[in-house]
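These notes concern the structure reproduced below.
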Amino acid sequence: MIRVTIWNEFYHEKTEENVKALYPNGLHATIKEQLEKIAADEYEIRLADIDMPEHGLTDDVLNNTDVLIWWGHCRHGLVDDAIAAKVVDHVHRGMGFIALHSSHLSKPFVKLMGTPCTLRWRCIDEHARMWKVDRTHPITRGLPDSFELEAEEMYGEPFLIPKPDDLLWVTWYAGGEICRSACTYERGFGKVFYFQPGHETCPSYYNPYVIQIIKNAIDWANPGQDRIPLCCDSQPPFEKIEK
Amino acid sequence: MIRVTIWNEFYHEKTEENVKALYPNGLHATIKEQLEKIAADEYEIRLADIDMPEHGLTDDVLNNTDVLIWWGHCRHGLVDDAIAAKVVDHVHRGMGFIALHSSHLSKPFVKLMGTPCTLRWRCIDEHARMWKVDRTHPITRGLPDSFELEAEEMYGEPFLIPKPDDLLWVTWYAGGEICRSACTYERGFGKVFYFQPGHETCPSYYNPYVIQIIKNAIDWANPGQDRIPLCCDSQPPFEKIEK
Amino acid sequence: MIRVTIWNEFYHEKTEENVKALYPNGLHATIKEQLEKIAADEYEIRLADIDMPEHGLTDDVLNNTDVLIWWGHCRHGLVDDAIAAKVVDHVHRGMGFIALHSSHLSKPFVKLMGTPCTLRWRCIDEHARMWKVDRTHPITRGLPDSFELEAEEMYGEPFLIPKPDDLLWVTWYAGGEICRSACTYERGFGKVFYFQPGHETCPSYYNPYVIQIIKNAIDWANPGQDRIPLCCDSQPPFEKIEK
Amino acid sequence: MIRVTIWNEFYHEKTEENVKALYPNGLHATIKEQLEKIAADEYEIRLADIDMPEHGLTDDVLNNTDVLIWWGHCRHGLVDDAIAAKVVDHVHRGMGFIALHSSHLSKPFVKLMGTPCTLRWRCIDEHARMWKVDRTHPITRGLPDSFELEAEEMYGEPFLIPKPDDLLWVTWYAGGEICRSACTYERGFGKVFYFQPGHETCPSYYNPYVIQIIKNAIDWANPGQDRIPLCCDSQPPFEKIEK
């Protein structure tokens, strides 16, 4: 069982009617439900949100999380610096990290990237089409050449992320932009995946392709072992081998 | 002076009136003229085409070419295998190579890539917008975040090229696709640049951004030295240094 | 069951006593035995060699191979061009390909790379130490930071391969060189892995780390589906979605 | 004129006799002298150190620096967080940044990488040989296949940096390790180069190859323009073009 924690700032689902209607228990709960529909017995999924003590990310929770999924948007600034730093440290020692949508500006993601992570954007719920530009990465397995999202927020260039280790999808938007929308990174012993879809007013987390991609990303990011200690030891020269 | 050879299959410009009207002396001649407008004293530009003896690519020409620009489309199959192999060999030993538009299926480019280089396409002269996704590569220097081509042929995914060393532009097409349209590769001691714009019925080679990109690519691909011999020598162990 | 075919030029094991003593049934047979020791029920392994009809690579064999492992050295030139081209075509349509040791100059590998693939070398059975430089790729999973080969042939720079999609190991040689010794590439729909160890006079294919890496590479390169047709269709514009 | 600032923590050169003897005015002064020997008229070089007001990195200095070279080792912790953050911000907006030797753990470099940047090390002034593994990058231009450093500190794997955009050199150490010793990264609009040689007790900054590499890196990292504002604007849809 891969131990997954889905973290949500969980704000718009409580304060805006249209978002509440779409994701009544929070979009983290929807992602959990959708994942369990296709892989109930593969994951042990826990929910966490910003209003829980320690944002729901206690040492015990983090030590027992293989892959952390993060969704934040307008409350990035309210995340405690010490907790963000602790998340980064867990990634460095092996925990998988999946940053969804506007989490491109979340504290843990920005720290992991080392870049501003700014971008251009437009929020008119426009048509988007996601094009697969990688054919062999485990995250793209089983996905079609392209699929459509009937409504999404546009995120466009310049998108100041580091060059991805692997660029997996590029999104076409009806309004005229493209987005490098699915990117992987190695950070220490941990794997990071950024995935663009998921504006709170859009039903993307009910899209079976989106859920399949998140599932593939969990499987890919799972370290398969506990935290790895960082090593900065002095090292003696190797002995010569006598045959 | 960088010595540039622009090679063209030079067919549609002789056989189709609309192409002839657009590129009366061949699109290779237009590229030459446009480059000379912005950098007359930097390049020594020679033209070559498929109908010349040895396709205009004699040993003497190739030995004195720093960067070879290639445009082919419907006559790939008529290019002599031995000449294509010779071009590849020169690239391996340092010559720069810029493959334009439908040269993605030219013999030298396909051999240099090692992949099928096939793609999906549509030829309705549709709006295209080129988005810069790299901000530090020499080829992107001075170019805006995006620019528009009023009419181009669409090239789309799956585009079976190797993962680019650097992906520089992604094109948005009005019809719903994206293309990884500007890609760099190291091949032996030589540099290769693939650049998508330039269908024969479209005025892209009069676009100043397109010409600036081709200029930047020439400067980048210029090896700055003669051909480098390939080395597959046996090598004795290094001596120990006595301090 | 992943269907693996291990191809060997199978020459030195018949003609040189020391090689025969080390790999009595051919090094392909040894690799098979060692893989089956750790994963008997995961693979269906077939052996093939250059002296079989069609080098043992008939359409039926290739169509039923998920991952092809290749070992060649002094008989590259005797491999039929048409069969080498057929192997490349199968890789493009999804078959995994693992090139071992001196297969860097084999016909299929060179065609898949598009580069000369030459290198410097030294054959004195020297100490080698393989350093893992990637911590998250599936092929590196479970392997230690480094491991030693008591005797290997040195392969060194300039090694004219394309920049790897992922560089997984770098080898240190006692004589003073380093080698980019474990490299991955996407080629069409297929995955390619180059792995340096395995000179015919060296016992590397009895090394458990080497075998674990080959196992991991098989699992990684397995396409999980039959051959994928290449697509170069014309594509109509997408319909607009009416919400 | 490219405006270069060389920053040094400038400690061991004042406190240890052997270091003082080697780099009497600080190793930053030596790098300046050596660069001016080969390119006096190309650079305007300023020196800065930790003991100056604001560590010598006032707004005025940073605004007028095209490329910042950094050398730090035992005093990383004494660098003011606000100044480190300001350096990172300048890199994001275009300033080039070259991190030398033990600056792998400097505050600006670690923030730019997003990884721990830890490594294994050994300080016995051992023989090192630097192997060029890239043949086309501007920083490698004119450098031989390999060159030797008679004495350097060993830095080895696991070296927890992000996968380099381009890996340029790998170092072989007599004691049995390798190091990814010359790595490039895009960070926002700025370019970053990590370069391993330069322990304070070793004469590496008198080595002409080392100086040539630093020179090439300055030329490569020079943004050629003033700081670029980060953009996170909302963007209206593009107008349709009427031909």
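Labels A, B, C and D are assigned to the chains in the order they are written; within every chain, residues are numbered from 1.
Everything that follows uses one rule, which is that a contact is a pair of C-beta atoms (placed from the backbone, for glycine too) under 8 Å apart; a residue touches a chain by one contact, two chains touch by 3 or more.
Everything numeric here is computed off the predicted structure, so don't read it as measured data.
A.B. asks: Where centres are the averaged C-alpha coordinates, which chain has the largest centre distance to chain B?
C.D. replies: Taking each chain's C-alpha mean as its centre, the farthest from chain B is A.
A.B. asks: So chain A and chain C: same face meeting same face, with over half the numbers shared, or different?
C.D. replies: same
A.B. asks: From the mean C-alpha coordinate of chain A to that of chain C, what's the distance rounded to whole Å?
C.D. replies: 33
A.B. asks: Suppose each chain is reduced to the average of its Cα coordinates; what separation in Å results between chain C and chain D?
C.D. replies: Measuring from centre to centre gives 37 Å for this pair.
A.B. asks: Would you please write down the residue numbers of chain A that are in contact with two or more other chains?
C.D. replies: If we look for residues of chain A contacting two or more partner chains, we find 129, 134-135, 156, 158, 160, 163, 165-166, 176-177, 186, 188-189, 238.
A.B. asks: For chain D, which residues count as touching chain C in their complex?
C.D. replies: 129, 131-135, 145-146, 156-160, 163, 166-167, 170-173, 176-178, 180
A.B. asks: Where on chain A does chain C make contact in their complex?
C.D. replies: 127, 129, 134-136, 138, 141, 148, 150-151, 165-166, 186, 188-191, 224, 238, 240-241, 243
A.B. asks: Contact residues on chain B for chain C in the complex?
C.D. replies: So the residues of chain B touching chain C come out as 88, 92, 111-116, 118-124, 126, 154, 156, 158, 160, 162-163, 165, 174-177, 185-189, 230-238.
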